[in-house]
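Okay, so subunit A shows up in both of these, paired with subunit B first and subunit C after.
Our next item is the complex of A and B:
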């Protein structure tokens, strides 16, 4: 009995430990105290107003001056990068997963392991390797290098997600489709694709979220002109922690949860 | 170019010319197929199989698992390619044709229905692929669902159907495209016994009504006997015997068929050219070359009452009896022949376990097989 209570307490503490800091960021983002965010000083939306470039009553010293345009520029860059990268890695990751699952060829297992590798590779190593690679082949660091670089490891995430779906996909329906006269292309479009769609969608959303969030690898290959949101936030933090950052973090959190919710919604709709 | 022109003369058996005029729904000529095993060896799945449907028959491929029956079916549907030999459908060689271009459809063992489509889209799939217009598809789907007794279930999703209903959808889907031949891969194995028997009768009736050939794969001998016009018994990649159910059951050509179809008592006999002699000295007339052979005695041939005409008799002690309603299954322990199993009608009183009983077999119930039982 005591053991059970201790276990419940442990479970509770675990969740407090994980989620309390995140919850605090959200709470602080509404705190009017401009000097010490840990002391509640009344409710305000000023930090959000500041982000969106609206009129506020904040003193200039309390904010990251003229950050608004740069912030939204970074958001735009991040969205373009995340969208391109996730689409790119979803197409290639899915194609790879299909190839490895369907065709029997030598070294198939080796390829499978090779595809997992970028996920456990230290980000720093990958970042340095990509930087050296781009410099060696004479590519100027740009948004393109970010997209190419991120895709190299995001393909792995899509590959794993789609592979999991393919493993439980009953291939006899593909035979049934061919038996009923469908060409391989028709079978893929009408049977295979709808069957593994939840895996593909899941992989795409995962790639999108990870791309939006990646700092280390992107930092190496971004160059000067292309600041993504994580890099921009990292730059702000080096100028001290100001409450504004809480509002940015809260909005990012909200955005990520929204994407995850969309993913879950489509998954549950499919399984009905 | 007809399929026959692709082969050198003399490859085919006599009567080939007739086949051009009256094409058989299905003809398999010298089919061979070997698979590589993971250990690096080869496993012969089809070892020279030839089979010809005379007309729109219901032919069952019967055999134990691993006998090659599923492989044979998959070479007809196009999911396996032959190492040697040919497959002809309606007189046209389809040996090199991919599965999606062959005019046959399959009812799969575990149905393989499209879970993300409604019943109507499943059934209409072949027509949708063929690019037929929506009205025609809707009408055909309605007809097919009526045929299998699922009228009005167009909108249902596959998950909402019972196993038996899914079976019927699979059947309707395979028939909707009007195939020249329907292939059925153990389609009833997942159903419970009552439903299975009902479906057996329905399938047979359906085949007669549609007038197309059915190739039915099963390992269930009872199912094969009930439904088929002809049964091909397969073992070790070869057709052991092919014929009508009664022919195979009453006069099997070899020990495998005798043993695989129904219960059998196999007794060794010695032939002297005009008669056969059993180990205990009893004999009966048999004009066959001298040597050794095996006598097949079906359990239901034996009776406890002496027949008017002379036959064979076996005396022994009753070891076990089972009551089945219509019959008594009796195991009789005879000294010379070991255990003999008999099926006796329940009309007569049966002595208890341990008592001595004499069983009689009439001469017309005896069948000789030219093989020696191991």
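Our next item is the complex of A and C:
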């Protein structure tokens, strides 16, 4: 009994450990203290107003954002990159998953193992390898190199997600469809695709979130003109801790939770 | 067209483009990095296409020319990275194992929600999560204010920029990596076996050592490997929480590319990390294979 109580206590502490730091960032994003952000000095929305370029009551010396334009430029770059990368990786990852799950060929096992490699490769290794590669073949660092570079490992994440769905999906339904006279193309469109759609959607969302958050690989292959949101915040952090980072972080948190909620919503709808 | 032939063409259609893409943009870069690690660095950055094994010699001990000298500091940094990664694995195990055990005993609905809560931070921006720890650990931060408020210390303790901060940060960031494999094997535990063990008079500790631990070993090994690998090559966590004081191999590699501009040497260091990772993966693969057979 005592052991059980201790275990529960430990479990609760575990969740405090996981969530307290994140909550702290959210709470202190409303702190009016401009000098020491860890000492509570009243509620304010000024840090948010500043991000959105609204008027604030902050003294000139307390405003740190060099330019709101830079921040929003970074958000724009991140969104474009994440959208392109996630769509591209979803197409390739799904194709590979379908091939490995639905066709018998000698290399199928080999492919399964191989697709683990990009996920497990330390990102600094992949980052510098891509940098050397792009420079050697004379490809200028641009948004395109970020998209290509991120896709190399995001394909694997989609592959794993879709494969999991394909493994659950009953092949007998596909066989029934074929028996009832559907062409393979019809079976694919009307039976297989709707069946694995949650897996594809899940893989796409996963790829999107990871792409939005990728710092290391993007850091090496972004070149100078393409600052993504994580790189922008990285830069802010390197120049010192400033209160508005709390507000930016909170907004990013909201955005991620929104996407995770959308993913869960679709999953629960599917299961009904 | 025969059925077999049509199937083959379909398969080719699905596999072809992604395979070529990965060959060119994943294996291509790794191959070029291998080549680079055997080239001579150019005088002003860049690279001369002349074979050289001295990049490895600088790390491992046989380089002795004017510009390319062996320096034991590189191997020391590599060893420190191994140590910090190992300690991170240990800390993650201590944090996650009891928690996974607790969650596995919850009722199903609550259990799924708890697992969701554990995985959710994985989707929260890495840099945001690390920033949170800077706020907590720095001299004017939350932890020091608390300690001073309680009168436990007079002057702020320097938590930030220590090995402790780096291990804490990596443990925190990699919780889902350790938790999920652990949970997978703890969930499969046979309660009847545990009860039988205590019925037969085993103490709790004996039951844990002889029954629970061996049964959950695959999860422990799996979680450890998958946590160790990203911890070893990490450079974001030591940059944010370790500052200039706690240098890991990842920081060293970054320096070679962005400030020292010695790409061949940086490639050699990266090859070292990659080799360590592959050795570990192969070892785990073999171990898992042997367990399956027995």
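The definition used in the following text is that the second predicted complex is superposed on the first by the 270 of 272 C-alpha atoms of A that agree within 3 Å, B and C clash if a C-alpha of one lies under 4 Å from a C-alpha of the other, contacts with A are read in each partner's own complex, and residues count from 1 in each chain.
We adopt the following convention: contacts are C-beta pairs under 8 Å (C-beta built on N, C-alpha and C of every residue); 3 or more make two chains touch, one makes a residue touch a chain.
Computed from a prediction, not measured in an experiment: that's the story for all the values here.
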> Looking at the overlay on subunit A, is there a clash between subunit B and subunit C, or do the two fit?
Replying inline: fit
>> How many degrees, to the nearest 10, separate the directions from subunit A's C-alpha centre towards those of subunit B and subunit C?
In response: 90
>> Comparing subunit B against subunit C, which has contacts with more of the residues in subunit A?
In response: C
>> For A:132, using the defined touch cut-off, is the partner it touches subunit B, subunit C, both, or neither? Pick first, second, both or neither.
In response: second
>> After the superposition on A, what does A:146 contact: first (subunit B), second (subunit C), both or neither?
In response: neither
>> For A:196, using the defined touch cut-off, is the partner it touches subunit B, subunit C, both, or neither? Pick first, second, both or neither.
In response: neither
>> Quick check on the superposed pair: does A:96 touch subunit B, subunit C, both, or neither? Answer first, second, both or neither.
In response: second
>> Touch test for A:74: subunit B only (first), subunit C only (second), both, or neither?
In response: neither
> What's the minimum Cα gap, in whole angstrom, linking subunit B and subunit C in the superposed view?
Replying inline: 8
> In the superposed arrangement, what residues of subunit A touch both subunit B and subunit C?
Replying inline: 184
> For the complex, which residues does subunit B have touching subunit A?
Replying inline: 77-79, 98-101, 104-106, 108, 110, 112-116, 125-126, 129-130, 173-174, 177
> Across the complex, what residues on subunit A touch subunit B?
Replying inline: 170, 172-173, 175-184, 186-187, 190-191, 194-195, 270
> In their shared complex, at which residues does subunit A touch subunit C?
Replying inline: 3, 7-8, 10-11, 14-15, 17-19, 21-22, 24-25, 28, 36-39, 92-93, 95-96, 98-99, 103, 105, 111, 117-118, 120-126, 128-133, 136, 148-149, 151-153, 155, 184, 209, 212-213, 215-216, 220, 230, 233-234, 237, 241, 245, 249, 252-253, 256-257, 259-260, 264
>> Going by the contact rule set out above, which residues of subunit C touch subunit A in the complex?
In response: 7, 10-11, 14-15, 17-19, 21-22, 25-26, 28-30, 32-33, 36, 95-96, 98-99, 101-103, 116-118, 120-121, 123-129, 131-136, 138, 140-142, 145, 172, 175, 204, 226, 229-230, 232-236, 240, 250, 253-254, 257, 263, 266-267, 270, 273-274, 277, 281
